[in-house]
């Protein structure tokens, strides 16, 4: 009774192998490059298949369809997935990386404070952590969401629009923030401090999680190991990621230096943060119903 | 196949055909015997082509019936081959393949022989678009003759040919007809041609057969013969002056 | 426009035309005077249509020259209207609009009158596909005649017509030609037709003009006249028996 | 009576397959063979439609998309039409432009988006540009083909009868190519929607493509399926328009 | 000599416009009129191409995409061809299927992706399915149109000469429709790439569409432009293939 035939088939095959969805711009790429999780899981007779996704929602789509078992996304896609009734569970959270996320303004911009955002056109990805960050920033400045003109743009497109002056400000995350700061002389009006924690989340298909707790634990452990490695080997990390993303090393370096890698358990604090986001999205009518994020958290 | 002389090969009974409320054929009665050669003449637009197409089973009729050897014709007449008034060569097939269309077995040799008969053996590898008007018509004629069908329907097969070539083609048609005893219906606007070739000449007017003239001359016929000229002129005068009501009554 | 009688309206000088290395016309010399009526006869595929198309400026020639009133023809011959052997009615235009093609001013009335001349006034609102073979040909004829061009080129205009209609159309062509003094070249396979209409009959053979016969009979001509029959037979015998070398030499 | 009955059946047969699919889908949904989390039942989709309509959202999306589609279609269609005619008729412009057009045709709109933003910004212009670009090619290619395939004999006849320029075009070339041009239009009416959805990923707040992509992002399967159904109905509608034009302008083909 | 010179020029004219654009673009880049951060100069794109080729990445992407494209094209093209033939010939299947196909045709692939993932997962099958789906419609619609437009007189003639079934089809119907079918193939060769890029947004880690979309995500303008140029060259290539087929099979049209 777990959905369509496709899903059933996939769930069966996952007993011997695990399909992990990753994005090039995320911590799992480090794990993949180090190759440690394969070794650990091999002991259990489990093979690892890596599936690349360009965006969190696409990854959730595959997770929902049962095409992958485990993956990492930003903080908002799991909220939408839960709202749509998808069988996903939070497995663990990443450390906060608020420093690399924020509102970018071009050089010589008339915008000098949050209050200046009023009436401006601001680019961001609808329903992303940036969206939340912006809402919180506006709130802090005493502005209404309706005081600005949103321009929903994917990061790559937004970058072009930003350079061309089609948008007045751009809310985004690293390494886009770093790259734009360094290469386009842009400034960060604010970063996420005090607005959002902007964590990574590690999520799994609920059926898979129910049956394979042990494997997930091993993976989370390995992520923690790779994070520790990353924190201790920033230079190596930069030379590892830069060619993958094809972004210059300086930008990657900046992004790497202002964040710490690591896995947090799903603490009450994180649950609260996440719940606040869900509520905000509900009020923005981005999700159709109220949800309780706790229900989707793995115990 | 045993041929019963008393059963007509083609039997049209009170045949009526109209297009969008204009009556074209209005009660045609005609019996054609096995191996008979019929020529149909009549004014432009009188329904000659329509009649051939009906016999070929390419057109629905409104009333009456068509029987082929006592069997009502339903759909396509598979015994018949019709040479269309407008040629209808396939532009994407070379002359030889056009002639060989629908032939079975060693069609190539048969088709080459047929092309030789119409004097176009040398053009067999050309596209139809490279031919002159008369050459196209001869290819279409070769294509119809090569099948040696039981019923041959020729719709103005020689309309685009000069006098000499026309004579040669008439000979060819007569020769094949005699040899194979093919039941033949020839539509022509040339009364001399009709008289030279046919056992019976039929004149259509106002949707009806108004003249049916048996030509009892021995073959091959001499066009300079007086009887020949007389018959031709008799028929011609009927076409040219259709108001001789008495003559029409006599024939009926 | 003053007409100089000594300058030929159409002047073909050593005209050569070949298709892919086959020579079709091989040194044609012909002067056609203003208002003259020329008929061209010859065997199927001898190059009659090609000659007309050359005069109409629709085909490139390989050697020689074509002059219209002493001016070398370059590109389309705008003074001429050609009636094509294959009709070429536009299927997407009704009969009336087909006839009115290229006419200026009150083309409707002119076109209706032309249709009346060929006996198809009643079909003016039909699509060409609904017409019989002979009817299509008459529409194409009407379309060519209605322009009253300076040069009229007719490529077997009556090939699909019955004897009666053909006589009527011959009369029509002759009448328009006489009234408008149109320089006319008629290609036909009917020698009688050529003799009945033309001032001069030309026979093409092996790419050359092998006979050029002036017909000095008064008009309208009687086909039963003995002179008429004699001339016809003379020309016919030349077509049918082209081996009379002496005759060919005399004419040259 | 019987003829009318037959005509009625004939009008219903085309809908047999879509309706059958809908019914099966609904049945399987009730049965639980298709989990509604994965593919919502038609009734759920219907509910979503009602809901979106009652808030006026759906009609907004549709009307805004229709506006963009129409404008883009007109611009691109006309351009494709003229280019097709030019290149179909004039040897030189054919030589000069055809290769370039065939190369442009092959560039996916998704890959072009960064450049489009660069050139036209993120507002309506860029969206309409993309639709126009998408529509241009099927119209171009079919117009071109139609014109190249008009019987040469008829064009020759037209010229010999003194037709030149626009007269020759409207009497002979255009009617001869029309049937093929209409195929191009029919096809481009579909392409119009396909490119619009890409265009509406560029900073849009409305439009049916925006609705669909938004729903995809937020995993609202009912809205996704709804928009798919809307596209399908638009497809049928476009097709009816194209068929109507064919019947009207190609009467002579009986 | 002169004829050969002329033929040479004729072969060069089609490239005039693309080359002119390239030159202008390079000049403006040198001039600084076009900022190279936003639109890299052709020389930069060339460098990127060299780099990607030297690592073997580019050839990998291209060969993988070519594989997907070919397979999808074959499946979709054949299906579209057969459906076009069926519906062009048989009245009943036309009635039954045409409406449904016209409806399906209108559904954007981007909107379909969620369903495609449900049905076919995220691996090769789904990608090839999408390409096949995209290719199907232009082939279908042009085959259908081609068959419907074969001169009825010639079909009648074929039947009267005893041709039936496959003989009638291969002697009369197919050659008569071929010119239109080739237009469909030509068009679908373009659509193949357009849908492939959409397909390669589904969990891919290779393919030229992946390369382009990845570059778009991280705003690597040189790679984006490179992939656009590659698509354009593919377009020219597809077109040459189509033209070659036309010349080969439509010889009778001179």
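Note that the chains are named A, B, C, D and E in the order they appear, and that numbering of residues resets to 1 at the start of each chain.
Heads up, the rule we're going with is that a contact is a pair of C-beta atoms (placed from the backbone, for glycine too) under 8 Å apart; a residue touches a chain by one contact, two chains touch by 3 or more.
Note that the coordinates shown come from a computational prediction; the quantities given were computed from them, not determined experimentally.
Peer 1: Superposing the C-alpha atoms of subunit B on subunit C takes a rotation of how many degrees, nearest 5?
Peer 2: The C-alpha superposition of subunit B onto subunit C needs 180 degrees.
Peer 1: Quick one: report the Å distance separating subunit C from subunit D, using the average Cα coordinate of each chain.
Peer 2: So the centroids are 51 Å from each other.
Peer 1: Could you grab the centroid distance between subunit A and subunit E? Build each centroid from C-alpha atoms only and quote it in angstrom.
Peer 2: 36
Peer 1: For subunit A and subunit C, let me know how many angstrom lie between their CA-based centres, rounded off.
Peer 2: Here subunit A and subunit C have centroids separated by 85 Å.
Peer 1: Listing for subunit C: what residues touch at least two other chains?
Peer 2: Where subunit C meets two or more other chains at a single residue, that happens at 86.
Peer 1: Going by the contact rule already set, what residues in subunit E reach two or more other chains?
Peer 2: If we look for residues of subunit E contacting two or more partner chains, we find 38, 113-114, 118, 201, 213, 216, 219.
Peer 1: Residues of subunit A that touch two or more other chains: which are they?
Peer 2: Those would be 4, 61, 65, 154, 156-157, 160, 164.
Peer 1: Got a list of which chains touch which?
Peer 2: A-D, A-E, B-C, B-E, C-D, D-E
Peer 1: Going by the contact rule set out above, which residues of subunit D touch subunit C in the complex?
Peer 2: Residue positions touching the partner: 153-154, 156-163, 167, 171-172, 175-176, 178, 250, 252-254.
Peer 1: In the complex of these two chains, what residues of subunit B are touching subunit E?
Peer 2: 56, 58, 76, 78, 80-82, 84, 86, 88, 90-93, 101-102, 127, 129, 143, 147
Peer 1: Sort out for me which residues of subunit C touch subunit B in the complex.
Peer 2: Spelled out, the residues of subunit C in touch with subunit B are 19, 41-45, 49-50, 85-86, 130-135, 138, 155-156, 159-167, 189-191, 236, 239-240.
Peer 1: Give the list of subunit A residues in touch with subunit D in this complex.
Peer 2: Touching subunit D from subunit A are residues 1-4, 7, 57, 60-61, 64-65, 80-81, 83-87, 123, 126-127, 150-154, 156-157, 160-161, 164, 166-167, 286-288.
Peer 1: Quick check on the complex: what are the subunit D residues that touch subunit E?
Peer 2: 10, 13-18, 38-39, 92, 95-100, 102-115, 118, 137-138, 141-142, 145, 149, 179-180, 183, 186-187, 190, 193-194, 196-198, 201, 209, 212-213, 216, 219, 221, 224-225, 227-228, 231-236, 238-239
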